[in-house]
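Heads up, there are several structures right after this.
Each of the next two complexes has chain A plus one other chain: chain B in the first, chain C in the second.
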Partner chain A sequence: MRYQNATAYRFLAPYLLIFSIFWLWPIINSFLISFQATRTVPWRFAPTFNWGRLIGDPAFFNALKNTLLILVIQVPVMITLAIVMAVLLNSPLLKARGLYRFAFFAPVVVGEVAYSAVFRLLFNLDYGIINKLLNSVGLPRIDWFSNVTPAMAVIMIAVTWRWAGYNAIILLAGLQSIPQDVYEAATLDRVSKLKQFFYITLPLLKPIIVFCAVLSIIGTMQLFTEPFLITERGGPGGGTETLGLLLYRQGFRSLNFGYASAIAYTMAGLAIAISLVQLWLTRDPK
Partner chain B sequence: MSSRSSSKLGRSIALHLFLTPLALIWLFPLWMMVIFSTMPDRGIFSPSIELLPHGSFLDNVNNLQRGTNFIGAIGISVSVAVTYTFLSVLLTSMAGWALARYQFFGKGVVVAIILGTITLPYAVVLIPQFIMVARDFKLANTWVALIVPPLFNSLGVLFMRQSFSMMPGDLFDAARVEGVKEWRIFLFVALPLARPMLAALAIILFLASWNNYLWPLLINSKPGAMTAPVALGTLIGLTKVSWGGIMAGAVMLTVPMLVVFVLLQRHFVAGIAAGAIK
Partner chain C sequence: MAAVTLKNVVKRFGGFQIIHGADIDVNDGEFVVFVGPSGCGKSTLLRMIAGLEDISGGEIAIGGKVVNDVEPADRGIAMVFQSYALYPHMSVEQNLSFGLRMNGNPKADTERRVKRASEILRIAELMKRRPRQLSGGQRQRVAIGRAIVREPQVFLFDEPLSNLDAELRVQMRVEISRLHKELGVTMIYVTHDQTEAMTLADRIVVLNAGNIEQIGAPLDLYDDPANRFVAGFVGSPKMNFMAAKVVGNDDDAAVIELANHGGARLRKPLSGARPAVGADVVLGVRPEHFFEAGEGDCDIAVKADVAEHLGSVSYVYASAGTNVGAGPEELIIEREASRQRANGDHMVVSIKAGRSLLFDGTGARIR
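Showing the complex of A and B:
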């Protein structure tokens, strides 16, 4: 194939232009901003100003801890649930498949604001239906948003509800690309369905599971809307404040762009580390 | 009846016994969103459990509209999403076409950039993007600010590259022999062939724009310039608008997308699943 530089770059030009202005330059720029004191006019270069503050800031460690806690609990629960959904939706025994698919996939189209509003109302202390249901079966109602643990639980439940079906869609596509004769051969050899799942399905699905896990981790790491709207600005008392929310508060409430950029680059560092783990997990065994 | 078919029946029953409650739990928040949107606030605050629709939807819409110009915000959201979808489909398919069909200097770098940005947190570009658009370009509270920065989209390009590289090359070569220009081959041969993929991509991009929250919240914060999710978000936690009104807004944002989802489920699923298949 001969080189067609001029033609190719004419097609790529608008896309690369947008990339350069709105991504490439900002990526470099936020790195530079993180080394500047931005609350003086003009900004001045102060290499340890933001980073020094970061490593001694209890609010940062609180947000980091909350974010990691959500990650460590919510992502595995959701991915497991998504695998279960995908495998069961793929079962030839399932009737009314379309209805089940709709139930699990519908949250994919629901916007963050709309579902945050609903979850906030569902878990309301006095008139939320969850507490009414708890009461009706004789259990005490829970003050979901005044205590950290239940507030965290609501966020994790909400995020899991919103994204499990999304991951199930990707996993289901992966399942459907596994050739059927592998299962037929296993069935002939009287391998139980459960063993087939653990010894055929899971290993073959592993790259897609890792892909879903990485996308979910990176998504959850930037969690903003749910603690912003459901638990009202990371409440109670910062108990659900995430890195995304801290960045918003520092960058756009306090207009402290330098410090917010340092927080952003911390998130990027975590994301890069996680991507490297993904590459290592899905490497070709030599 | 053989033991095999009876165990099959047993497994089928177990499957449905497990999946049905799970499906009902999953539908519950959406069902309650619709129910709440039809209830007057005294219904929402009453101690009884209400699971069926009432008749106050229009009252709730009026209540919402009095608190914020929600219909106007929906107008902005629709216009922005339509324009964004059109431009983004065009840009990503042009880029995908170049990557799929031409050999050129720096191709590896371009592909590496696109793959690299998939796992890069958006937070890293957010602050400089905001400073640039709001302060340097003075474009805050405009449509341009809502539409142009999100045009960079990596999964879409990979999806279109995949779509174009699966097409038979002879077709394009035949057109080239006839002396048809490259941009005409792209527009009039390749794009029509890619119609199902373009549909899948367009749906996903429309949805992304329709539901986008953080960027529009930051850049278009003036009441008359807000998108619908941002306008709705400002009401949560205040008493300016009743819960019924907020839920009516949530329904107006969600139900049209659910209808589109039901009608075009195949394209939706294809668009989302394509994210994983490289």
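Showing the complex of A and C:
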């Protein structure tokens, strides 16, 4: 038995080696780096240098606030939208289901840069189609990228556009695993379609919804591309700077690796904490 | 309490016609079983009565009221599904009360009904469990309980026992029978198991490929089937069918010669029209209607291939002759005791004209 185990580990060794060097070590090392002052040569151990700065840094709290704001607005909106899309996709009345399924999923496949460019064009002040539409119904044009609130809205809309379909497809799989006869039994029990949705579909879909929510929370905590490309590095004036952007700015622009590591660990810790709270809130009552 | 009447009911799925004009009268308080091979349309018929499938043609009435356009919930029926269809995220108690709660039924009445159902089915100690914490038999009880709680005029069962093991199936069969006596309501029950049909039914509806072959009391179907399909479907083991030819005719009988038994002849008294001399016919004999040599009207010799000894009876699997284009004619013969050895032994058994049925080439009964 022990011999067999040893053989297994020998087969696993190449993977474990690469895993350790390129995955495990950076994780550990960045944790260690977060306790070092990295603006001096050589780096020196200073436990409060980065973490102390973090808890008093207005830029950090600005990025944290922006990230959490996007999180609490965008994730629920997107999940709700995804559920609606999944239910529509699952409707027997729908024709050309495959086409819609593809269309909803397609945004994930589009390159990030291309999609960001399209969103910048859509929301362009002078010739963007969104402002044209607003004008055509008599509303004033909005300068999307010069004010914080509209800029945040653009980011949330963009992220929602990109990921709602992806979540809808996952939810659709969950919907399809609910047996049809449960609904038939409910129909015989005189339960309306709407009540069936709230009392049967949603509870049975809950594990999948939680799964999607946790995925989205993790994704949004790391939000980077959209504020980097669409609102031009967290503009206007840091109004859309997220933790991901701050990390990038500290690590790759200022080459302050210690502080960047501390931010990275904060992001990961927050994502885990929020996901755990989410799981705990939606746990099955025993 | 309600009778259920089907008048020339037709079902089409797209261009495919599945039910070809069914006429069935289920009396108030009766236990009727729809039986037939897989895919013959039993479930479809039941679901049309429930309102889960719409009706392509004809008329369905429950309690004298045509329900073609009545919502499923307003038909006064309750249905028990083969897969139980319990709400997985609700406790047994919630499963039973869900429909009533959703419809604003007074709390006290809901509790009374749930309590009564749980007592009838003896599931009181399971009330707090979820469906996945129940055994198959317990789940089936809960599913039946959910139907009872609705206090319907008609119960519909779609193969409720087919997911249970053999022993539990017998037990639940008895319970459903007891339930019918206790509640006294109309029940329509779908199964492809003829034993279930025979033991439960007041009357059986035999379906085949969307057509009703015969409707009748279990023993009537057994003794007096309308055609070869019913004769073969009702009874276990199945009736034996032997190829034969009409060789003579007189006023009140036909003489037939068995094709695979060395010219053995049987004079079969008939009351209806005589078949023409030379016509190919089929003689049906149940396994339990073979007698000792010399005791019947016609002796035949067969080769006993295999014997199954069940204790009280034995079934001998025998063969004789060769049918054109097929192997030897296979017969199942019931013997009383388990003395019969079978390793190619020859045995002689006897057929009685009064204990055999005659069918024409199309499978219709010749009486």
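Going forward, the second predicted complex is superposed on the first by the 265 of 286 C-alpha atoms of A that agree within 3 Å, B and C clash if a C-alpha of one lies under 4 Å from a C-alpha of the other, contacts with A are read in each partner's own complex, and residues count from 1 in each chain.
FYI, a contact is a pair of C-beta atoms (placed from the backbone, for glycine too) under 8 Å apart; a residue touches a chain by one contact, two chains touch by 3 or more.
Just so it is clear, the model here is predicted, and its values are computed rather than measured.
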item: Partner chain in contact with A:Val118 - chain B first, chain C second, else both or neither; value: first
item: First (chain B), second (chain C), both or neither touched by A:Val191; value: second
item: Which of chain B and chain C A:Tyr199 touches, first, second, both or neither; value: second
item: Touched chain A residues, chain B compared with chain C; value: B
item: First (chain B), second (chain C), both or neither touched by A:Ala59; value: neither
item: Partner chain(s) touched by A:Met267 [first = chain B, second = chain C, both, neither]; value: first
item: Touched partner set for A:Pro179, first chain B, second chain C, both or neither; value: second
item: Chain B residues touching chain A - in the complex, by the definition given at the top; value: 8, 11-12, 15-16, 18-19, 22-24, 26-27, 29-30, 32-33, 36, 44-49, 91-92, 94-95, 97-99, 102-105, 107, 110, 113, 117, 119-132, 148-149, 151-152, 157, 182-183, 186, 207, 210-211, 213-214, 218, 229-230, 232-233, 236-237, 243, 246-247, 249-250, 253-254, 257-258, 260-262, 265, 268-269, 272-273, 275-277
item: Residues of chain C that touch chain A when the two form their complex; value: 50-52, 71-74, 77-79, 81, 83, 85-89, 98-99, 102-103, 146, 150
item: Chain B-facing residues of chain A, complex; value: 1-5, 7-12, 14-16, 18-19, 21-23, 25-27, 29-30, 33, 85, 88, 91, 93-95, 99-122, 126-127, 129, 132-133, 136, 161, 165-166, 169-170, 172-174, 177, 193, 208, 211-212, 214-215, 218, 221-222, 224-225, 229, 232, 243-244, 247-248, 251-252, 257, 260-261, 263-265, 267-268, 271-272, 274-275, 278
item: Touch list for chain A against partner chain C, complex; value: 179, 181-182, 184-191, 195, 199-200, 203-204
